[in-house]
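Same chain, two partners: chain A is paired with chain B first, then with chain C.
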Partner chain A sequence: MKALNLLLLLLAALAIPGLINRTRARLAGRKGIRFLQHLYDVRLLLRKGAVYSTTTSALFRLAPSFYLGAALTALLFIPVGDLPPVLSFDGDLVAFAYTLALGRVALVLAALDTGSPFEGMGASREALYGALAEPALLLILATLALVTGFTSFGWIFSLAPELRFTVVLLLAAYVLVKLVFTESGRVPVDDPRTHLELTMIHEVMCLDYCGTDLAYIKIAGWLKTAALSMLAADAAVAAWGLRWWIAAPAAVLLTGLSVGIVESTQARNKLVRNTTFILTVAVLAALVFFTGYLLQLNLVIR
Partner chain B sequence: MLFYLYSLIAFAAVVALIFAVPLRAKAWVSLALTAVGALAASTEAVRVLACGVRSRLWLFEGMPFDGETASMDPLSALFALVISIGSVAAVLYSQGYLRHYLDSKSPAHVSLHYTSLVTMCYAMLGVVLCDGGYSFLFFWELMTIASFLLILFDAERREVRRAALSYLIMMHIGFVLLLIGFVRVDVATGSATFGALGECLAAHPEQQLPLFVLFLLGFGMKAGLFPMHVWLPEAHPAAPSHISALMSGVMIKTGVYGILRVMQQLADLPTLHTAGLILLGAGIVTGLWGVMLAASQNDIKRLLAYSSIENVGVILIGLGIAALGMAEGFRIMALCGLAGALLHTVNHSLFKSLLFFGAGNVLSKTHTTSLDALGGLAKHMPVTALLFLTGTAAICALPPLNGFVSELLIYLGMLDGIAAGQQPLAAMAGLVALALIGGIVVLAFTKLFGTVFLGSPRTHEVAEASEVDGVRIAAMALPLAGILAVGLFPQGAVAVVTRAAEVLLPDAAATAEGALPPTFTMLCRTVWILVAVIACLILLRARLLRGRTVAEGPTWGCGFTAPNIRMQYTGESYSEGLQSIARPLTHDSGEGSPVSKGEIFPAAHRFDIRHRDRIGRLFSAWWVEALRMINGRVMRLRTGKINHYVLFALAFLTLVFLLSILNLL
Partner chain C sequence: MTYHITDNTAAAIPLRDIPEVPYAEFHADLAEKLADPRYHVAHYFALPEEGRMRFYCLLLDDATSQVLVASHVMEYYDEGVLPSLTAIHPQLHPFERDIAERYGIRFDGMPWPKPLRFPFDRYDRSGSMDNYPFYTMQGGSLHEVNVGPIHAGIIEPGAFRFICSGEQVLHLEIALGYQHRGVEHEFAATGNRLRQTCLAEAVAGDSAVAHATAFTEAVEKLSGHERPAQLDRERGIALELERMAMQIADTGALSMDVGYQLGQVACEALRTMTINTTQAWCGNRFGKGLIRPHGTDHPLTAEKSAMIRRNVAEIARRYDEVRRDIKSSPSLLARFEQCGIVPRDQMAAIGGVGQAARASGLARDLRATHPWGVFAKHISHEPVVKTQGDVMARLTVRCREVLQSARYVDRLLEIYEQKYAAGPSPCPAPDYAAPLAPSSLAFGLVEGWRGEICHVAITDPEGRIVADRIKDPSLHNWMALALAVRGEGISDFPICNKSFNLSYCGHDL
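Up next is the complex of A and B:
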């Protein structure tokens, strides 16, 4: 079961970027690239050599391994619906958030290692937005703990069919999708397709990477997106008491379609407005928590 | 009485020994003297922690501490361990760090420094071993005076004298608060120990809260509780680096120890709930204030000092959660909060010592601690950089290092509270604060490490720096070993702090059974998986790159063909985004002005900005002026003429006489 869980997560990680591209192409009236084009791109990168900046130290060369390693480990905590995750213990919610933070720190330091003003700019933004998104993520996870009475992903979602907090879970899923936008550098927070370095966040941090290292960073990005999307899907699926065979495709559809649609129809935020955007998400998360708390009080009184 | 005599003789012998030995040997002699005490204390501490017993050490006979005892229970054993490790590392580090000062300072100066250092280490041990009362206060004061002398090492510099003086004054305000508290207890029960405090609190319910707040303020002054933290960011940059490490890593923890002892006496009383809320609130404010200011600083030591304040905040959040859990009778929440706070105390002493030692290495090789003058040191000081990076990752609470274990415990306490519906709102406030603190710490420390060690050197002095000597590296390896041990084998560390937590929660072991060991066994597995995955990926990358062209070139300048070092992102620009949020907390002062938006062809600009603490200004604001004015008025009475003084004496006697006639005295 654990192997199936991991397999589904990896499949979702591969499918999401494809679906995003396909959605965007269709909405623009294009046919679009191959569904698995991103895989071919990464295969190409893995076959290349590398060029390193003379300014950088060993940290720059090792950082992508830390980034990908952290993303892979974080993935092990995530259940697909009511399937058991590979690693599960009380408080793994926190371990998940901090493992992702490890990856972020590795990439931020690598960006600073190049000494480039542009990459420093990206690192600064990533660190700030990451810091502000952290409370939102933990609040949503705490809400899940509040309504279920458990503190590990595995237990929270294994209960899915018996949960009574449909509204709270749906709202939690909504906030988690917003966090997918923030954490994986998508419109409206960041635009992965922009061509102007001054406005980039995530992409500008990896400007000096190529070959294997860039491939690692790209794969880690898919995994991170998949982990958060799966959480959003789990919450949404749990709201209706559905099971894992719904959760896995739901994760792909939820993120693939929403990111694709938002990127086709909305403009990216002005950079100064990003802070407000993320803080709004955090406040939304707090509201969801209070809603859950009030509903629970109501249940207790009755 | 003989006890005091022997103590005095021993102290005199230590002083004589340090003053008598040759200049180069003073460090080693001090190290030996400290190591003896540290070894004795830690052997006893290990025994106490292993058996969970309380061992009586000695009984003071005769005035002034008649009848007071010193003993070691698991809680003091834990702190004694922290003090022993921190002290030995600091004295060892001083051997390398002070070597360059030996020629410029007089031998007596150096001897005084080492005497104070040894005294300080023993005084801290005395603080955690005495069961309260006046002997406790004696060691507390001894610790303050010794650390005051230690800060004064560079007394030629004006800002050092200023910082030391403000430290001394603030510590004495705290001391007076503690004295009032202990005297109150003595009056009520006839004894001034912590045990008597418990009796006094139980007998006088209406005094529980005032006494708790009094002790919290007194101990909080040492711990750096908001708003009494202002001495920390002044004293640490002024003191030599090993002293900063000792004070920040170890000494401020005695304040936490005091708060724990007071909490222990409150354990079964109804005020505990309010006390828990106060602790939690104080922790949240202290933590957020500390971390916001830390991220704004542009001096290594000042940044580290603010981060100490932030960590005290985290510890207090843990204690607040523990107190709330105890008040609700929800044992697992109480245990997780308490164990997390205790483990974070241990952890912070390890990584903060390491980081201050690293800052000392940078300072001694480049002669500056200003972030924006450094850069690119990782190439010139690789070992320091690696050690500093480990400290950075540990303080950011990243797995697989120790900071993560303690923060996870505190989070677990809060999540357990939320999941079980016990105090969910307070727990949520703590959770949000801790998450935000965690996020901003990452920003502050990537700024610190990135600006100092990565990129290109910003000045040529920095480019010529070289690695420090082996003694200092050895001193840094000591905390490093602790960081790795706690991080990679969390179950052991959690078992030890659970034992220490039993002092406050008698059934801690039973509560932990079945809850904490499985969690932390899994966590241990997780961190090893993480390490293994990363190692595999590094190997895979090396394999993939084998036989391929790996070239080197300049950093990609995004099409700009003449990039230079001054275009590098500075620490100031790195934290600019946060400063737009943190502006209300700081008072900015600076010279020059930045390039304004209207300048199309900017002329040369020189711009220097400092982000000072608003609270610090509060302490140097109106009332200092008022005091100075009152002082000026009073000074008018000092005329220097004997006849005036005789008149004053006569007036005083008349006053006393009149008052006694009117029965007012």
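Up next is the complex of A and C:
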């Protein structure tokens, strides 16, 4: 069952970028690239060698592997619906959040290591938005723990929660989808398609990478997106008491369609407005937490 | 002070008729006149003439449609130092920098004697663009970001040096000249007028029609030939088609830079439709080969006219939908409004022209103020003016000009169809050998899509063109971009840049 869980997660990670591209192309009235084009692109990158700037140190070369490792580890904590995750222990919620943060730190340090003013700007933005998004993620994880009474993903989603928590779980899923947008650098927070270095956040940190390293960073990005999307899908599916065979396609559809639609119809934020955007998500997460807390008190109003 | 007073449709001016005034008088009069925004300098350049240096100045009076031409001279043994006018009126900075760079004439009190385009035959070759000292500021919380001269994407070279405090831009310095090809030099080197026309088309690839029109205007003034009114109408149609295509392209580019995919793909499709219409008419998408002196190789036919009218109506209809979408999208308005503001007084001070100036409340549009060709006869143009001076204002001006141009094209084609649809075209074939007035100056002032384009052609006593001095609107407006990003976030630089969409090669020549 653990193998099936991991397999579904990896499939979701591969399908989400394809679905985003396809949605965007269809909305633009285009046929679009192959569904698995991103895989061909990465295969191409994996075959290429790497060129390193002479100003960089070992940190720069280690970071992509570290980033990929962190994303992969984080993925292992995530269950698909009621399937058991590969890794599970009490408090793995917190381990998940900070494994992701660890990967981010590695990339930020590597970007600073290059000494390029572009990458320095990107690193500062990534660090700021990462720090702002962290409370939102932790509050949502805390809400999940609160309403179910477990601190491990495996247990949280293994049992159907009580009916009164449906609203809380759905709201948690909504906030998690918002976090997918911020964490995977999509419109309105970041624009992965732009060629303008001055406006980039995530992409600008990877400007000095090529070949295998760049492929690692791209794959890590898919894994991270898949992990958060799956969490959102899990929460939504749990709210209805549904099982894993719904959760897996739901994760792909939820992120693929929402990101594709938003990127087609909306402009990205002015950079200073990103702060407001992420803080709003964090505030929403706090509200979800308090709603969960109140419901969990099980007050009887006469 | 005495000027030779003329306008944009009058004949060439014999050089001896242009008054030569002492520089002190010239300086005083220009200092006074330029304080009024109704005046701005269209061109100011120096030309060696029989052992001395003669400086010509074209001053435009927007209120009366007059073009005031004056000159001053510097003898061979005069001291090469003149009091700077830029110190009083910054709008003269590109002209004075050009004169100083080419001929080593120093302008005393010039606030920033920066080389303009590093031509190969410049006077002082001790400095080069590789070791150009950028403006710097000191401070622990400041950092510099250099962008270019090689850019990501398919754009031309130009270096941007930002001085930022965090994300906020305090200062932007733009260093250009990387695209210098010696266009003016080539004009003087070849006597072949067809080649000169082709050169004019290549000054800025996106303004091929406008530059070619300005050059042929100058040539035709020098030859003194009357041209049929239909030729003017066809040039007008070509110019407005070019304007539509480029304004639509920039609407799409702005949408792309903020990540608004629907606007981008819709405008890309419409722009293709527009330039393909031009291609169906003359065989080139950018209208190269369409504008020729004294005639045309591609006279309109009834079928072509019907095709253009049909396409333009369709483009205008679909573009209007895009325009409405943009105007009603909060996420787009949040990006474009209150971003990259250039106030009216700053725009006037730097001598901004074209749609950027109109977006800042400065109604400079040669089609209205100094009409030529069709604009002097069939169309009384009403410039589109916005006062906000932000990215949205520049975009709105673009949007409305597209629809306005579509109406003009339709109207001009309607006149054509009424008069000539059945019969043969009244436009003759081009004439590249028409004799030109000797020792004369003629100018062509044309409102291209980016702004006012000025070609000044000067002939020698044998009637050969010895100099064609070109001014692209970008020459003035690059400074507007530098002002627009002050205080903005550095991440908004790309949309400010796109909202002006200035030409590198038009500046660098």
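Couple of notes before you dig in:
The rule we apply is simple: the second predicted complex is superposed on the first by the 293 of 302 C-alpha atoms of A that agree within 3 Å, B and C clash if a C-alpha of one lies under 4 Å from a C-alpha of the other, contacts with A are read in each partner's own complex, and residues count from 1 in each chain.
What we mean here is this: a contact is a pair of C-beta atoms (placed from the backbone, for glycine too) under 8 Å apart; a residue touches a chain by one contact, two chains touch by 3 or more.
Keep in mind that what you see is a predicted model, and the values were worked out from it rather than measured.
Look at A:Leu39: by the touch rule set out above, it reaches neither chain B nor chain C.
When the two structures are aligned on the shared chain, A:Leu87 is found in touch with chain B, with no touch to chain C.
Applying the stated contact rule after C-alpha superposition, one finds that A:Leu72 touches chain B and leaves chain C untouched. Residue contacts after overlaying the shared chain place A:Phe118 against chain B and chain C alike. In the superposition on chain A, A:Tyr52 makes contact with chain B only, not with chain C. In the superposition on chain A, contact of A:Asp191 is made with chain C only, not with chain B. Taking chain B and chain C in turn and counting the residues of chain A each one touches, the greater count comes from B.
By the touch criterion defined above, A:Leu295 reaches neither chain B nor chain C. In the superposition on chain A, the residues of chain A contacting both chain B and chain C are 117-118, 120-121, 197, 272.
On the chain C side of its complex with chain A, the touching residues are 143-147, 152-153, 167, 255, 257-262, 265, 329, 331-332, 334-335, 339, 489-494.
Considering their complex, residues 375-376, 378-379, 382, 385, 389, 393, 396-399, 404, 407-408, 411-412, 414-416, 418-421, 424-425, 428, 431-432, 435-436, 438-440, 442-443, 446-447, 449-451, 454-456, 515, 518-519, 522-523, 525-526, 529-530, 533-534, 536-538, 541, 544-545, 548-558, 563, 565, 567-569, 573-578, 580-581 of chain B touch chain A. The residues of chain A lying in touch with chain B in their complex are 46, 48-57, 59, 62, 64-66, 68-70, 72-73, 76, 87-91, 93-95, 97-99, 101-102, 104-105, 108-109, 112-121, 123-125, 127-128, 130-135, 137-139, 142, 145-146, 148-151, 197, 207-208, 211-213, 216, 272, 275, 286, 289, 293, 296, 300. Against chain C, in their complex, chain A makes its touches with residues 24, 27-30, 117-118, 120-121, 187-188, 191, 193-199, 263-273.
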